[in-house]
């Protein structure tokens, strides 16, 4: 093709008075945007290749760089926006589908932001978490209706439970979609904090077996890296049926990301594309799912809870109820804002429903059927801060998965170019020179700092509500009020409008 | 003693250590002025090729060959701090130290005819500037056996 | 219903008091009225009430169902239901006297009845479960009707007013019980609704409660999964049902139930002996949503005695005293001294530390 | 414990510092026929060129002897060593007992048998006094032209200094190139050109037959017949171990005083270090005199420690030099002109900036190298010689501009750099 009809998305501004030609930007840009021009004797930039990942901006020691959105404007048109036009230009040039990474960025309603939290005044005291105990411990797994003792008065063992010190887990991200150092950061942070992380459909790298007690091993439609040792290495097994960012479609890890380690871990030939089918080809019905759940329980000697992860879609409540009856111990629901390493843009931005509504509907349905007390509920799909977590738990979740937020703590600046494999932050890449940019000790510490900060905030919020244990928040929708929501939305969320 | 150790598995090859080394050894202590107005040879050496890179600076050896080789006594080990000190006034630029240092971390100062450029661990600071400013903790300042 | 039920959660402060004669000797309601009256300032005249155990020896095998009706239509509808589902031995007005300060009472009625055998076998339910479901059915579905109490050989007397006036109104000096509990209410927002006064009951369980349960939303939705219908927007009702669930339905010991509603901290569980730790962990894991969070002191009355309990970080007052035959419990020590000036022992229980008063010979109820 | 050290230069100072590492109490006496506070011998040419002051000549600070608890006998001379009674007789008449003795008497310049070599204005150039005397002549006299015999390190450093003082210098050298001991033909040519550019003239493959003149030499006659005018001459054809003191004892001698790897002679309690000694040459694999400064210090240090009761050994000696003329630096070490089989020679092309590199391998190990001009990191090679590291896998990279630790495997690198 001749002329590229697209204009640079970003413009790089360099303050020459500050630039000391140290070339850090050049060394740090995998997109080769920056270069030192020997003739001009200064640094220059190739704007069109910039993805605005902020690596250069962050590392520039003199703050000489600013990246702006290209101020060139299209003729105003609410229908044919610049973004629409650019997408068409791209496809006209390539004939391919539009690919993207991370979560849905479109301006649809974010329900978390329309939910407000309660605090105690006068009639019951708020509790100061700096002075009083504040408990965030949570157990995930199947619970019996009631405590049971055998004939000798001995307590009957509970089904296997995951013990979380904070109701946060790191969501499924495979080794392959993210780097080994990103995996190590999350695994170590989970271990140190008493949380869980999830392998995604990438198998378990040998270096990660040491974190087994804090690992949820995933079984997805490609069955990559699944073997007996793998299943038994983790503390729980998760069947991935769907993902919020791309409900109904499979996964595709391009061959260039399948290096020696990924190949070994996934048990696929080096350099081959790792294609996860859209459905599990052994699950065409709920009874098939039940068989797989029990096959995995058999394989793990009934010692590990089995989770089933689905995307939040239209009839999620009925699906979840079916999953609970099928024997799942944990149901994970991933909302349509959830992240991904790669997804077709049209799917990501148009398929699925918000996790807030899905959660409320599922929790209600499971309660109506008396199942909620037995099965654990985990939600994900753009949990952005501690308040989102409090709202999720109050709506009915036992715990949340965070993934994008965890990656952001590792350095991700949301450029949404994960699928290119050129992540300058060493996260969504397999290139050794980029992978090593993420020191897992630094990474783990940053994740831990984030979670520690969030847990302090959660405790403050709980204390403000006059609650000192997380279980008293779970499903406690009286702690929530809506604003700017319709009657129907309030009804689905099961909350009152602010002022009521 | 506390020394600087490089962890090449996390070295980005960004050379920020060099930038901050120069700043730390500048008169102005200002990063822009140090690079634009002053002529300073960094005290740190970065080896970098393909995907491997690491930074090296004076190891401040226990039995430092440079101190033994120095013909003027300009390089001496401070037995208390462990730092191998360099006195530019006494140096005549014979480069015997360069010959002696098997780590290759002493080099001629590009901008002076007789002085050498060698890490001083930024003794007046809490930790060396290269360590503080390494964006990936690929340099560690610590006591090791 | 008259004065209407609350549609949002009711918040209140309160006074509570209780007296148990451990030997089972019965005594009149005068003392409990004196005790609760002393704490007049802890109420605001919007609710008072009493639970009395042992008052109906002549009908002790029958369920004593105390009812409030707004009007005769409601009474007629409920009685139609009762007649179909129960064999009623006695149906009568509960005697009251005119008291200046008590106005606008509902129609107050009581029935001594047993479940209809045929219905029982039709539903395959134990008679207590049958009664419990009937109570919740009436409360949820019969407009203008409210079941005040439904236990055997016990009854609840409550209404809008200061508790001492309520006691006077119900002529409690004429009843003799071995266990009395009482409540004076200080709601911050409620309309004066007779049904909203304490104690709340289900079957033999009665609760008087001072406090506000921040976990109410969680407790309520948890109970709903077990078929309980929390219709009164009050945590006291939820507390009653929690105990009913754990003690009656799940056959937990009182000790285990206490470990659920006032669960030991995880840090305490961590320090327990392995066996105890395992049980405590299992209780918190299974009954997490039964944890009562927020400030409270409660007296759970029962035919075998009472359990008094504070929230686990003791945000509300509770004092206990004992003499030769009786155990006293109240929000304030003065309320005990008023009726027992020289108790043998007086103490203040720690947060989450249960105070158990049981009839002699019934100690196995605890553990 | 009485320690006596004869010699106040690198080996002697090394020994003092070595003894004090082990023994803080024992008495140390240093005897030197030079009256100066310890000074840096290689700096005498800088002193002559007025590049360093007398103060800057000091090898250790002014309070060094005090700090290390050393008694000095400077400007005195040991005339007899009684190895049986462990007694030294000094020229001044003083007698000094020792328990441990270090002979660190250095080297004496070799003066070939040339007619007229004893004239007043003919000097050698290894002591501060030599430098001072020449400086005085240049300052006072009418010294316009100087002939130097020997294009080795000493001769050329003297030549450089004199040129800087404005004197015309001619260097006569028997070999076919300058610095023949430390450079190969290619490197020598560059250095020679560089020196010639600064005004030094060379007469190679020739030598002086006669100094003519009365008290003072005024001309030299070369073997080739050529005549050169001269106002002053310097003989710098080499240095020999100064073994005179122990020649009458039972201390075993070869070219130098023979020492074991602990620097002890065959006589218990008597040690030798520095240019006077003949220890193990790592590169040659045999005994040799290695008359270089770093070696002298290291030997002195080890000898001192062992004198005080330690049991250190030193097997790392080999010839290595770092030197420069008029800003052209070079570092060379070991065998640079291998003779015989079994060597592999790698050398770079000469670059425009006079940069040149050469590495000599034997059995996969480096035994010698030359770095000319671009000398940074030459110490890596010195280290590899010392470590006897096999470099056969990375041969191709040895000559690279940026040769460094990247060339090694990660494992080797971590070991070598202790990372």
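The letters A, B, C and D name the chains in turn, as written, and every chain counts its residues from 1.
Everything below uses one rule, namely that a contact is a pair of C-beta atoms (placed from the backbone, for glycine too) under 8 Å apart; a residue touches a chain by one contact, two chains touch by 3 or more.
Model, not experiment: these values are computed from the prediction.
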Contact network partition after chain D is left out of the picture: one piece
Separation of chain B from chain C, taking each centre as the mean of its C-alpha atoms, in whole Å: 79
Centre-of-Cα separation between chain D and chain B, whole angstrom: 29
Whole-Å gap between the CA centroids of chain A and chain C: 47
Between chain D and chain A, distance of the C-alpha-averaged centres to the nearest whole Å: 69
Chain B residues counted as touching two or more neighbouring chains: 7
Contact graph of the chains (line, ring, star, complete, other): line
Interchain pairs in contact, sorted by label: A-B, A-C, B-D
In the complex, chain B residues that touch chain D: 5-8, 45, 47-49, 52, 54, 56, 59, 65, 68-69, 71-73, 89-90, 92-104, 106-108, 113
Of chain A, residues touching chain C in the complex: 120, 122-125, 127, 132-133, 135, 137, 139, 143-147, 155, 158, 161, 367, 370, 372-373, 394, 465-469, 471-479, 496, 500
Interface residues, chain D side, partner chain B - complex: 14, 40-43, 46, 51-52, 56, 58-61, 293-294, 297-298, 301, 320-324, 327, 329, 331, 333, 375-380, 382-384, 386-387, 402, 404-406, 410, 413, 416-419
List of chain C residues in touch with chain A within their complex: 8-9, 11-13, 188, 211-212, 214-219, 221-222, 224-226, 249-250, 252, 256, 263, 265-267, 275, 278-279, 282-289, 291-295, 312-313, 315
Residues on chain A engaged by chain B in the complex (per definition of touch): 17-18, 20-24, 27-28, 59, 61-62, 432-433, 436-439, 441-442
